[in-house]
Amino acid sequence: MGPFETVAKGKKKAMRSIILSTAARFLMPMILLFSAFLLLRGHNLPGGGFVGGLIAAAAFGLYLLAFDVQETRRLLRIDPRTLVGLGLLVVLGSGLTGWFKGKPFLTALWGRYRLTGFLHIEIGTPLIFDAGIYLVVLGSAMTMLLALAEED
Amino acid sequence: MISLPALPILIPFGTASLCLISLKRPRLQRLAAVLGAVAHLICALALLTATCRQGYLVLQAGDWPAPFGISLVADLFSSLMITLAAITGTAITFYALAGIDSGRESFGFYPFLHLLLMGVCGCFLAGDLFNLYVWFEVMLMASFILLALGGERGQLEGGVKYVILNLVASAFFLTALGILYGLVGTLNMADIARHLQTAEQSGLVSALAMLFLVAFGIKAALFPLFSWLPASYHTPPVAVSAVFAGLLTKVGVYALVRAFTLLFIRDISFTHELILVLAAMTMLTGVLGAVCQDGFRRILSFHIISQVGYMIMGLGIFTPLALAGTVFYIVHHIIVKTNLFLVSGVAHKLRSTEDLNRLGGFLSTAPFLSILFLIPALSLAGLPPLSGFWAKFFLIWASFEEKRYLIGALGLLVGALTLISMTKIWLKAFWGTVPAAHPERHAHQKKLPPGKTALFYLPMISLALLTLTIGLWPGLLFELAQQAASQLLDPNRYIQAVLGVTL
Amino acid sequence: MEILMALVVGGLYGTGVYLLLRPTPVKVIIGLAILTNAVNLLIFTAARLTRGHPPIVEETLGRPSYPIADPVPQALVLTAIVIAFGVLAFTLVLFRRAAETTEADNLDEMRTTDT
Amino acid sequence: MGYAICSVFLLALLAPGLTRIAKPVSGWLMAALPLTLCVYFLSMLDATAGGLTLQVTWPWLPDLGIRLSFFLDGLSLLFAVLVCGVGAVIMIYSADYLADHKCLGSFFLFLNLFMASMLGLVLADNLITLFVFWELTSLTSFFLIGFDHDRDKARSSALQALLVTGVGGLALLAGLILVGEAAGTLELSELLQSGDLIRQHAWYVPIVLLVATGAFAKSAQFPFHFWLPNAMEAPTPVSAYLHSATMVKAGIYLLLRLSPILGQTALWHGMLETVGGVTMLGSILMAIRQTDMKRLLAYTTISSLGTMVFLIGLDIPLSIAAAISYMLAHVLYKASLFLITGIIDHATGSRDLSALGGLFGKMPVIGLVAILAALSMAGAAPFLGFVGKELFYEVVLMAPRAAPLSILAALLTSIFMVTSAALLTVRPFFGPARSDRLPHGPVATNLWLGPLLLAGAGTLAGVFIGIIDKSLLAPAVSAVQPGHSVKPLALWHGFTPVLAFSILTLASGIAVYFRCDWYRAWTENWSRRHHYGAETCYERLYSGLFTIASRLTLIIQNGRLRNYLLTVFISATVLVSSTLLWNGGIRFPTVWTSVNFGDLILAGIILAAAYVTSRVGHRLVAIVAMGVIGYGIALIFAQLGAPDLAMTQFSIETMTVLLFILIFHRLPLFSRLAPRRAMRFDAVVATAAGLLMTALTLAAVSGPTDKRLADFFAKQSVPAAHGRNIVNTILVDFRALDTLGEIAVLGMAGVGVWALLKLWPKERRKP
């Protein structure tokens, strides 16, 4: 017996479902925010697109446990496989930007932008690259999870 | 163009991404796949002409200087291999338009095919050992999925063996790579080569060479490490096994050639002698395996093994002519083997069986297919004046020149055995009549799906014409192969091209 | 420490190999997972060990001031871990499908595609 | 000259189309080109008779000395004329002979391909060019023998011929490569001057053996002779053209061609004499046992080929002239007899000597032609065969070595040849007529024209031997033996011992003819008891090959994953460790990082968990133990300055364990334990592999280390890559290409899992 079967049976027991679904609704945005935070800080501190993407997938996984496949799909809005394709394209695009400066593939470009007063933000193609990784990891993990969940 | 060496990787990558996004729109997906394949071919040819002119094309990814970033290096050997990968890829893409069922199509056949091409081209271009590992894995992952896609029983059973043995090979590769990094502290292949020329622990280096030999040997299907190949290659749809047959083992061969011409050349009397022994065993066991098979694709699969033996033979002899022979052989083999698998696919489509004991009469029912079979089959067997004759001829000449009569004689003998198994197919499936025991299912020929006949035949005709061209005018390719060999035999030029330093 | 790590590498390698040779699918995959772990640890060890000192530059400095752990093997192992995970996940599902389709309860029964 | 060959190739490609358009005249259409070429070559007579050779060269693989080069001298001219002349006759004949066959077009295709290849072979200057055409003739012969591919016998005979001549061809190739290596050139015209160089070369013996093997296989010499009678499965015009007149002569041509280069040694003479002698005698003894006319002709062909080889081998200047004139006679009468056999077969439906009789009254012209040809075969005057046989005797009587044996063999061969000739004409044409084996109607002109022309040529050539000798034969001989002046040939030599031999031969041959049935019965009896020979050897070898191959493959490719893996692990371990030991062992590190108590505990836990996974009988426990190993390693990473790694390892390990738990219940239980012995063996292999890895790891850390990469990244991370986490800057910037590949793998894994779970084959779709 797999956990998804357990969940399926458990769904009939309303009690558990309510606790889990409430928790999921509440935790879900928090975890997603945390994953975004991990993505952004990865360049300077432990973290990065990969771990961020995994955590995001965990958030949707939790939602999947609490609700069902259809609900999760609806929440995700976009087909996870398309997400993989998009992520790969983002990665490719971030690598290609170097061409505009006549540099080889994957050459990083950085820009320094002033937000307000003293606050500066540094944005570079490696961050976009990392975001692409985030998308691919999320998409791939969700593809697997949804497929496995539908099987059971 | 500054990024030309990256394009053979990027174009399939982009194509695959686009196909993934349009999984649910089959027409769009097919269009992307075809355009991507053609673009890949064009840029591969551009790369080939560029390397012909300049010798080496080096791209430092991310603009980081050589031993620190990742280098993509295209020498003549690489660009030849990439051109072949692109040719195969294009042929298979067209063939797949007709030959792949809609189920596999909507479950990602095209993206995986193109990611496979990306991995293969990455392997050919990688100038960095770890990067080579990564491309190996890209190629493997794509091949795992393509092999299993569809979930037929045979596919899954063969897939299990294929996957496990190839992963073990990857583990060996990674092990050897880790130790090598510990030893020389660098990953760039040119840099490693430079360090290994003066490395202290020569015993350890030779042991590492053995570890690489095993790791790449599994992927190249050398004796006795080839078992995964005959277990799996005949199980997936023909479009898949054709691309496998043409390209995958050749990546292993490429890696072996690269490693044993660039990195491990200090103890040639040991390493290359061993390679020669392995080559002999590989040729012989492969062809004997082929002789006793009764399935169309099984025979062809075993032949891949014996042909890999020939390619490695050139590496073992290690003279300019021998290496030129190896390069020539690889080129010839990829074209011919892919084509033979495609022919077997049409045969299967016509009669729904691959068992030679149930096939027959193709000469009268499909005469054009018979010609398309004969050209690559006779070329594979090494009959003049087809491409396979020259390929074998160069190697045998090289072996006699080096007074290695035994391996040369074996090469000739294996050629004869190849002829036996090729004529076996011809005698049974083309000349013979359908055996009386199974007339009802296989005697009457099905029609190819309407409107798709051209898509089936176009790749086969093109590949057959290529074989003929190489056979009748071997000079041009031989010239290229010779230049490639002379580059391979001069690692210092490679090191200089990548690192920009002289030794 | 090196000898300890080398022993762990050897032990895991041996276990991985032993498990791969079992006829039961689950054990084979566990063996594969352990083998990849062993290899990762080997890369990490072979590139020399440094206790503490992660390869992160402090906020105020332009470059690390003390001897740091070699970041290269870390990056390599990280890549290898992720790749291995992807491959392992697929392998697991493949074995499951193979077991379901062939209804064989061990790998020795999956022999129809050979010879 | 090159264009001549090209034109025939072109005709071959056009042949199916032409045949379809103009079927009734297709034979004449096909014959036009060879006739023209024949005239063209004859027009070169004057040029070559003066010793001049014409050369044409195109570059092919100039780096290896391989050119598409041709030359024409007396010898190649003679062969070229024969190829084209007989070819034209065969074309005309075939169009009628195979008029009802639905594949006449492809028949002409292959026949023309053959003719082009054969022309290329005899005209080639470059040895590799020669070899290419050599193999092409074998190949076209394969397709022509198996032309009626519905019959099993035709297919297997075609294969046999291809394999025997093909394997011979490979030997030849090896020999030619050695020649090229030894002499530094592949051009025959240059090699002719460097005979001494090769004869003194260390490779001389292998060269001769290899080249001779190729020639013998092609020319059906003992012990390769058996393919030729089986090749009679081919349509009769093919047998006449390929398997008596031209292709089998390729070996003779090669031996003639190379005898100035390789000849004049004891090895050359001894081998050719022995093989030729055994073949000519052995096969003529086989010949008169046959009742099938084609098989009888085949065996006599082998015998004649043996005679030619024997003659080339004899160490006497005149012998080359003898061989060449014997060959010319043979081509003319044998092709004619084959074609007549075809006519009889067509008309009566049989070519069995014991079933035929009395045909002369029904087809007198054919009968007359047959008699002309047979007389030439028997060596009666004034036919060309007479000249050939006279020279044969003359040369044998001068033989320096083993003279009595040679004379005996020559005498017996010629006697039985007379008998065979008698069998071929008297049996079918005279004697009592068989009512069930009578011709259905008149024989078409196109059919009898060919044999008549050939037999007539044989007669005329005999009568006007002087002209033929001067224009055709002498230039050919002098091409082989430059500088030798050979005495002109003539029919009448006066009363010499040779004449006595000739008369004796004719008389005894006819005598033997009357005891033929007795001989046949006796040999039948004998061969039933003694059942071995070259063909049996071939068959044993052929089937033995399959047995060995399948046994070996069953051992190697046995379908058990465990065996495959064992092979891999054992070969890796043995290779690596033996190399390590062989090359001076390994060094151990001198500098150690400190160990603390926590590390020891951690290592202990990991190893214990590893042990548990290998021993435990419960799946869930094994999975948990695997997780423990992963987390333990994560902790090690955390300890040793790799937080990113630890974090990733931790999350990945969690994912892995989850995945296992999701899936393992669908996998079979730990149902079957391997036998104890196997487990012990596996444990030994595993331990060896583990120890090796420990040793390698220690060796890797033993030397000095180079931290250039780490230093560079540490320096550049903040200023150039704008990030303080060096590992992350490596992943997304310095080595971003790796990461690109990595996520491609990960993305594929996700989609792949989905595809694998969702896509089922049609017949097994999940409910």
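Read from first to last, the chains carry the letters A, B, C and D; within each, the first residue is number 1.
The working rule: contacts are C-beta pairs under 8 Å (C-beta built on N, C-alpha and C of every residue); 3 or more make two chains touch, one makes a residue touch a chain.
Keep in mind it's a predicted model, so treat the numbers as computed, not measured.
**Q** Does B-D or A-D have the larger number of C-beta pairs in contact?
**A** Here the pair linked by more C-beta pairs in contact is B-D.
**Q** So the centre of each chain is just the mean of its C-alpha atoms; given that, what is the distance between chain B and chain C in Å?
**A** 28
**Q** Could you state the distance in Å from the CA-based centre of chain A to that of chain D?
**A** Here the centre of chain D sits 63 Å away from the centre of chain A.
**Q** Using the average of all C-alpha atoms in each chain as its centre, how far is it in Å between chain A and chain B?
**A** 37
**Q** Tell me, which residues of chain B touch at least two other chains?
**A** Correct list: 13, 16, 20, 61-62, 108, 111, 130, 134, 137, 141, 144-145, 148, 151, 160-161, 164, 168, 175, 178-179, 182-183, 187, 227, 230-231.
**Q** Using the touch rule from the top of the page, what residues of chain A touch 2 or more other chains?
**A** Residue numbers touching two or more other chains: 44-46, 50, 81, 84-85, 88, 95, 106, 108, 140, 144.
**Q** For chain D, jot down the residues that touch at least 2 other chains.
**A** Where chain D meets two or more other chains at a single residue, that happens at 553, 557, 559, 561, 565, 569, 643-644, 648, 652, 655, 659, 663, 693, 696-697, 700-701, 705, 707, 709, 713, 724-725, 731, 733, 735-740, 742-754, 756-758, 764.
**Q** Could you classify the connectivity of these chains, where an edge means two chains touch, as line, ring, star, complete or other?
**A** Per interface graph, the chains form a complete graph.
**Q** In their shared complex, at which residues does chain B touch chain D?
**A** Where chain B meets chain D, its residues are 13, 16, 20, 61-62, 64, 67-70, 72, 103-104, 107-108, 111-112, 115, 118-119, 122, 130-131, 134-135, 137-138, 141-142, 144-145, 148-152, 160-161, 164-165, 168-169, 172, 175, 178-179, 182-187, 195, 200-204, 206-207, 209-211, 213-214, 218, 224-225, 227-228, 230-231, 267, 270, 285, 288-289, 291-293, 302, 321, 363, 378, 383-385, 389-390, 393-394, 396-397, 400-401, 408-409, 412-413, 415-417, 419-420, 423, 427, 431-433, 474-475, 478-479, 482.
**Q** Please output the residues of chain A touching chain B within their complex, sorted ascending.
**A** 79, 81-82, 84-86, 88-89, 92, 95-96, 98-99, 102-108
**Q** Tell me, which parts of chain D touch chain B in their complex?
**A** 59-64, 128, 131-132, 135-136, 139, 142, 146, 149-150, 155, 159, 162-163, 166-167, 170-171, 173-174, 177-178, 181, 545-546, 548-550, 552-553, 556-557, 559, 561, 563-565, 567-569, 571-572, 575-577, 579-580, 582-587, 693, 696-697, 699-703, 705-709, 712-713, 716, 733-738, 740-742, 744-745, 747-749, 751-752, 754-756, 758-762, 764
**Q** Write out the stretch or stretches of chain C touching chain A in their complex.
**A** Chain C reaches chain A through residues 54, 56, 59, 78, 82, 86, 89.
**Q** Given the complex with chain A, which residues does chain B contribute to the contact?
**A** Interface residues on the chain B side: 2-3, 6, 10, 13-14, 16-21, 23-24, 59-63, 108, 111.
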